[in-house]
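Okay, so chain A shows up in both of these, paired with chain B first and chain C after.
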Partner chain A sequence: MDHARYLGGSPERTDAPAKTGGALRYTDDRVRPGTLHAALLYSPYAHARIASVDLSRAEAAPGVRGAFSGADWPDTLIGLYMGDKPPLARETVRYYGEPVAAVVADSEAETLAAIRLVEASFEALPPLASPRDSLAPGAAVLHPGLGSYRRIPAILPEPGTNVANRTRIRKGDPEEAFARAPVVVSGSFSFPPGDHAAMEPRVAIAEYGLDGRLTVTSSTQSPFGVRTLLAKGLGLPERRIRVIAPPVGGGFGGKAGIQLEPLACLLAMRFPGRPVRLANAREADMVSSPGRPGLESTVRIAAERDGAILAMDIELLFDSGAYADYAVNVSRAAAVACTGPYKVPNVKADALCVYTNHPFATAFRGFGHIELSYATERALDLLADELGMDPAALREKNAAQPGHTTPTGAVLDPNTGDLPACIALVKERLGWDEGRRRLMPDGKVRAKGLACFWKAPAIPTFTDAGATLAFAEDGSAVLTTGVVEIGQGCFDGLRLIVAEALRMDPSMVRVEPEADTDRSPHDWTTAASRSLFMAGRAALGAAEDAVAQLKRVASAPLRCPEEDLEIGDGRIYLRDDPAHGLPISAVALGYVYENGNAIGGPIIGRGRYIARGLSGMDPESGEGRPGLEWTMGAEGVELELDPRDGSCRVLRSACAMDVGKVIHPALARGQLVGAMAMGIGYATREAFSFDSRQGVQNASLRDYKLLRYGEDPEYFVDFVETPQGDGPYGARGLGEQGIIGMPGAIAQAASLAAGVQLCELPITPEYLWTSMRKERP
Partner chain B sequence: MTERKGPYELRLRVNGEERAALTRPAETLLRLLRERLGLTGPKCGCENGDCGACTVLIDGVPTKSCMVLAVECEGRELTTIEGLRDHPVQRAFSAENGFQCGFCTPGMIMNAVALVRAHPEPNEEADRNWMGSNLCRCTGYEGIRRALAAARAELAARAGLMPRAKERP
Partner chain C sequence: MIPGDVVYLKPESAEEAVEAWSLANAASAAAGAASARGAASPRYLAGGTEILTTARRSAAYAVGALVDVKAVPEAKAAGALPDSLAGAAWLGEAAGGAPYGADGLYFGAALPLAELEDGPLFPLLSNAARGVADRTTRNRLSLGGNVAGQLPYREAVLPLLAAGALGYSALPGDAPAAGGAKLRLVRWGLRSRFDKRLALLPGELLLGFWVPKAATEARAAYVRKTRTGPIDYPLITLCALRTRSGAAWALGGAFPYPARSDEADGALSEALSASGDARAGALGRAAAALGEPRSDQRAGAEYRAALIALALETVAEELA
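Then we have the complex of A and B:
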């Protein structure tokens, strides 16, 4: 391949004019006149028996077309990997915010007025407040039907308990290793569930057409996933369902599953010919729709005196809340990567997805890796302390490299990133060797922390992507995929990949900005940081297919063998005589001879990709190859703590990540910086706070504190490029990973500053203050 | 003070145009703009004054339109993101990647337009106070910070105060 022309450039995003002009239409900007509006009644209890739901007053209210409760759909269960959730609660409510009743009316004002007239009464039950609560002997079983739920085979629930899924990893002989190890450390680490808090609240607009087809426009990352799951849940064949996914106002995993769509569709099916809009207010978006899981964990590490890790024994208990949703796979993904990016010959791990009476959890940027990483990185810090070793040196010593095996026994191939190089870059950015802890003249303490991460996408073994490439009269190319724009800017990466393959100026390549299951090629889901990789491969395939077709058609009028033709700068020409050629515009829709005869016809390039060589996991040992590619990196921070009041601020943050190949540097940096900021929020402030009955106390953006302008630190981003052999031009995914190491790095730095090991998140001033007081008698 | 009951016709000046719309006394400006005037640029992120996605200018003052009743805006001059045309702040957000998903962007830009007008010189404290009222979940604010700097440089260059920082095609 000759030198890249367009890769590595950072042209302005194609959606910039629409987004900075306020012209981009998200789902809720597309409400048609005549649309009906739905409102929901949410459970005020985390756990209760529903004594009665009286809809009669609501039904009689002005503008109301219908009112519904769980009894309206007595058998429907919706789920992602496991169908465990009724569209409206039946008999019991299992979390604070669970939808109990729905009202549909002509206007939103009328529906909101009417929903207050629904009279529901509850008999409160004691709530299960944590995974350990739920696993305690005699704990209430939240899902007595667990054994009968429809599920995929990779999920292993334990009926009669609150375990929605258990993934076991058994590698080597951990028992023997612990018995002979000179050093053993152990610790327990935990944090509560929280929310994605994407700026666009979820919304779905469904219409059951008079032609018998169901169309749903939704703020979803997964149009094809939604179609499949609607088909399963509602008993309609896929061909009668159309899902449209306009650009999404922030996903972060929170819109990757199936959420408001089933209820919106069930309501719409009661009113054929009229669209029904079901939109979350912010408060509902935070607690009623799923957030991210919480964690309780225990990690033991066995090591040599020189720091070489001999074994790990890991228990990860994911707080999935009331329903399993994506969390059953989140816990599984955490098991696959449970040790973090280190060479660990002996592993025993159990990752459990546990039902509690908290708001339920779905995918969240990092997908289980923040959780496992926080737990193992904290345990490594305990080990470093015990050995009197520099925490970065301990990580360098044990860094996973090609040839090592992962916890599931899969061999890390030569594509695996260069972790030691990442560690070195972060150390350099932070001035690591100049000292990790400094007392400032004003009494504040500055401290540094460093953590490592890895991530493999937790995807079905048959995860796919399709792409087509067609042309317009002006010779420009349009790429169609099933990828959803969620802010990540994947389309601009795809555009550069196509431009590179066609050797055509990127301004002549357009990417269809909206996914539509009726029109887009199939694509698994915009998640798992796999779109650039997989849709990129498909796009590359489509471009190559189109080039071959263009050459074939052009070879007739140019009177030469196809092999002699070259493509570039919008032309097809003889390689050895570039002046002799044709513009693409003269060939792409068919070539017309002077006498009017035509050949060819519209060129349509086709590309496809499916994950290579993945296999399931052995239920007893976890053995298998569930992870496609491993992205590795290191992150670090310097923060400043005021020991007088516990206030703490991250001053500088650094991330170095091996991304294979940087396609669009500005967007790649943007993804990392955004993820780092989110990680800082995760570590220092973001989590639900519960009252004694497990109601959520901070379900608003006023009380759930996100990072604001001016609270952001300085960001350093470095890329290492160990090419991904099977990635498009060597690239691999990078959308999520920047968040993973942040909580570990911040906990390490804050613990060093405070002089006490902090084992919980979020590390708020209050938590710091009380921890420091506890330490000093 | 006039008293309003039931639906009535409200006359407004929006983005330089006279507009009329049927509204309810309890309707917020945000809902009126989005649902009755088709101006969906202002976004509804919380309807609680916390996120700033709904920010518009009322007589040049950045205001969260979810916290204002439409009826209060009679006779005022309103500007939404749709009323800006190729404003230096917009161009700076585009060029500096001051957005990702773009949902916060209309509000962010309206606030920034007012900020750089009030504080043409770089001013970290003012920036923190103004921009702190708008949330962005995607960018970590890095691109937004760059965009503010670029917009100020551009405006200063226009005013002939200093040479252009960066020529744009």
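Then we have the complex of A and C:
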């Protein structure tokens, strides 16, 4: 490969002016005149029998076209991997915020006024407040129909219990390893569920056309996934469904599944020819639509005295809330990666997705890896403590490397990133060897922590991406993919990949900003940090295909063999005589001879990609190769604790990640810094708090706090580049990974500062203060 | 969105405002008699943040008419007491003599907290204002709305309580229909009308507060603690001033209301002139005088109590 011309440059994002100027039109900015508006009534109970729903007063209100309850769709079940969710609750409500009734009216004001007239009464039932509650003998079974739900084979529910999925890992002989190990540590760790808190609340606008076609415009990360799941849930063939995905104001996994679309469609089907808009207010977006799972976990580690890990025994209980949604696969993905990026020859792990009466959980940035990572990294810290070993040295000693096997027995190939190099970079940034704990003159304590992470996309074995490349009269190129712009900036990465492949200035390349299942090539989902990798591969294919076509057409007027032609700087020319050539603009839409004769026609490059060599997992042992490429790294923090009141602030944070190849440095750094900030929020504040009846107490941004500008620490970001052989120009995914290690690193540093091992999240000043008091009364 | 129609009125004087409120109230009472939902009282509007967010969330919070007071001159004034208020009568007992020289500073109720935050007139009030919400929100939040709102925190009232401020308000006149005055301008001692909340009469329009100059210039201490980041409701906010007799202080966040008491002021004053165990004992009594702090989703009572104790130590050091 020639020296890269455009990769590694950081041109400004093409969508920056529209976004920062407030001019970009998101889904809810596209409401057409004549649209009907829907509003929902949400359950005030976490668990209750629905005694009655009286719609009569709402139906009689001005402007109302219809009012609906669960009884209107008595058999419909919606789901992702498993169809377990009615569009409106029937007979029981299973979480606080579950939609119970819907009203459709001519205007938003009328529908909001009318929904307040729906009279629903409930008989409260005792709620299940945690996975362990739900697994206790005699616990109420929240889904008696679990055995009969439609599901994909990779998900393994246990009917008659609250287990929506159990993924087992059995590698080596952990029992023997624990029996002979000189050192064994054990710890239990937990945290409650929370929300994504994306800037754009979810919205879906559905229209059932008079031609019998359903069109949905939605704030979704997965237009093709929504099309498939709507087809399954509503019993319509895919050809009768169109899903349009405008740019999304933040996804973080929360828009990767199916959310408001099914109900919006069911409502729209009652009013053919009229679009129906179903939009979440912020509060509903936080609890009624899915958030992220909580966790209860116990981890045991067996090790040699020198720190070499012999075995791990891991129990991960994911709090899925009322419905399985993406959480069943989150638990499976966590099992696949359960040990973290370490060489662990013997593993026993059970990852369970457990129903509770909490708001239900879906994908969240990191997809099970923050959760497993918090548990295993905390357990490693207990081991380091027990051994009197530096926690970074313990991780270096056990770092996973090419030739080692993952928990599912897959061999890490030569594309595997260089974890020791990442650890070394983070240590250097934090001045690790100058000491990890310091008492300051004002009585505060500064401490450092370091954690490692890995993640492979948790995807179907046949995950795909398609791309087409077409040209305009000026010779500029436009790439069309099925990727959704969710703020991640993937399109600017794809733009550079195409520019590089065409050796064309990036300003001459445009990426179509909207995905549309009627027009875009198929693309699995914009999730799992796979878009740059997979759509990037497809884009490369499309560019190569287009170049071959351009050369074929140009070879006639240039009177030369195609293979003598080269492309670059917007021209096609003879490799050995660059002055002899044509501008792409003269060829891309067909070449016209002086006498008017024309040849060629519009060039359309086609590219495609499908995941390579993936396999399912053995249900008993987990054996298989479900993970495509592993992105590894290390991150660390230095924080300052005031032992008097427990107040704590992250001062510096560092992340080093092996990304294969940096395509767009500014965007790559942006993704990592954003993920680190989100990780700080996750570790220190973001979580639901529940009252005794499992109602959510902080379902608004007044009460649910995110990290704010001004609270950020200093961020250090370093990239290591061990090429991913099958990635575009050697790149691998990096969108999620920066969040994964932060809770572990922060917990380690805070534990060191406080002098007590912390086992829960969020690490608030009160939690620190209380823990310190318990330790030293 | 607030479903339902809202009547919006923007008077340009206190007299018009009180009259607008009375007319709207009479109209809504008449309409309420004919409706199953009953009457929705008119509300005075300044920043509107609490009205908007509450009405959006709660069907029980009815909004009929809004009387915007941002154009009322007395509600916008800052610095000197507006001439129109010079003759205001005492509502109830006159708050008494000696502590209130003629010299003082006035803060209109419709002033945005952001303006108070930037102003140099009363540093403790600037601090308390700066603690509330974020800057963008403070551009809307008003002093009067913060003091008289429904939220339990109401931090802007703390420095006013500590300073022994006077309040000014306008009341509907006794018999305007019979040719009497349409309006009564009154003043009152804030402490005397503030027991957990400011008790306003129906239709009473809060115009502003007057703070003795001595209090605005006194040595002050301010401590605010939140659950995590700075932009959050307080677990505790403590505002204290050095006074001639010792200290005066008020505490927010710890209870579902802002709190102060003479006994608590007395104990803190004692602590200022004591040391060692005596001082610790006096600080303990100061905290105890206001009662047991609350437990809620943000923090437990024990942690709040610890924060109060630490804050009182800081305050005692700063004021001593």
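One rule holds in what follows: the second predicted complex is superposed on the first by the 777 of 777 C-alpha atoms of A that agree within 3 Å, B and C clash if a C-alpha of one lies under 4 Å from a C-alpha of the other, contacts with A are read in each partner's own complex, and residues count from 1 in each chain.
Note that in this section contacts are C-beta pairs under 8 Å (C-beta built on N, C-alpha and C of every residue); 3 or more make two chains touch, one makes a residue touch a chain.
Since we're looking at a predicted model, the values are computed, not measured.
By the touch criterion defined above, A:Ala634 lies against neither chain B nor chain C after alignment on the C-alpha atoms of chain A. Of the two partner chains placed by the overlay, neither chain B nor chain C lies in contact with A:Ile241.
In the superposed model, A:Arg644 lies in contact with chain C only, and not with chain B.
Among chain B and chain C, the chain that touches a larger number of residues in chain A is B. Once the two complexes are laid over each other on the shared chain, residue contacts for A:Gln697 go to chain C alone; chain B is not touched. In the superposition on chain A, contact is made by A:Ser689 with chain C only, not with chain B. Of the two partner chains placed by the overlay, neither chain B nor chain C lies in contact with A:Ala458.
Legend: residue contacts after superposition of the two complexes on their common chain; A:Met742 is shown touching neither chain B nor chain C. Of the two partner chains placed around the shared chain by superposition, chain B is the only one that A:Gly487 touches, whereas chain C remains out of contact.
By the touch criterion stated above, A:Arg25 is placed in contact with chain B alone, chain C being left untouched. Overlap of the chain B and chain C interfaces on chain A: residues 109, 281, 700, 702, 707-708, 710. Touching chain B in their complex are the following residues of chain A: 12-13, 15-26, 28-29, 31, 109, 196-201, 247-252, 281-282, 485-489, 666-667, 670, 673-678, 700-702, 706-710, 712, 715. On the side of chain C, the complex with chain A involves touching residues 1, 3-4, 53, 56-57, 59, 134, 225, 227-233, 297, 299-300, 302-303, 306-307, 310. Contact residues on chain A toward chain C in their complex (touch as defined above): 108-110, 112-113, 116, 281, 283, 644-645, 647, 684-685, 689, 691, 697-698, 700, 702-703, 705, 707-708, 710-711, 762, 764-766, 769-770.
Those residues of chain B that touch chain A in the complex are listed here as 24, 26, 34-35, 39-51, 53, 80-82, 84, 90-91, 93-95, 97-106, 109, 124, 127-128, 131-132, 134-145.
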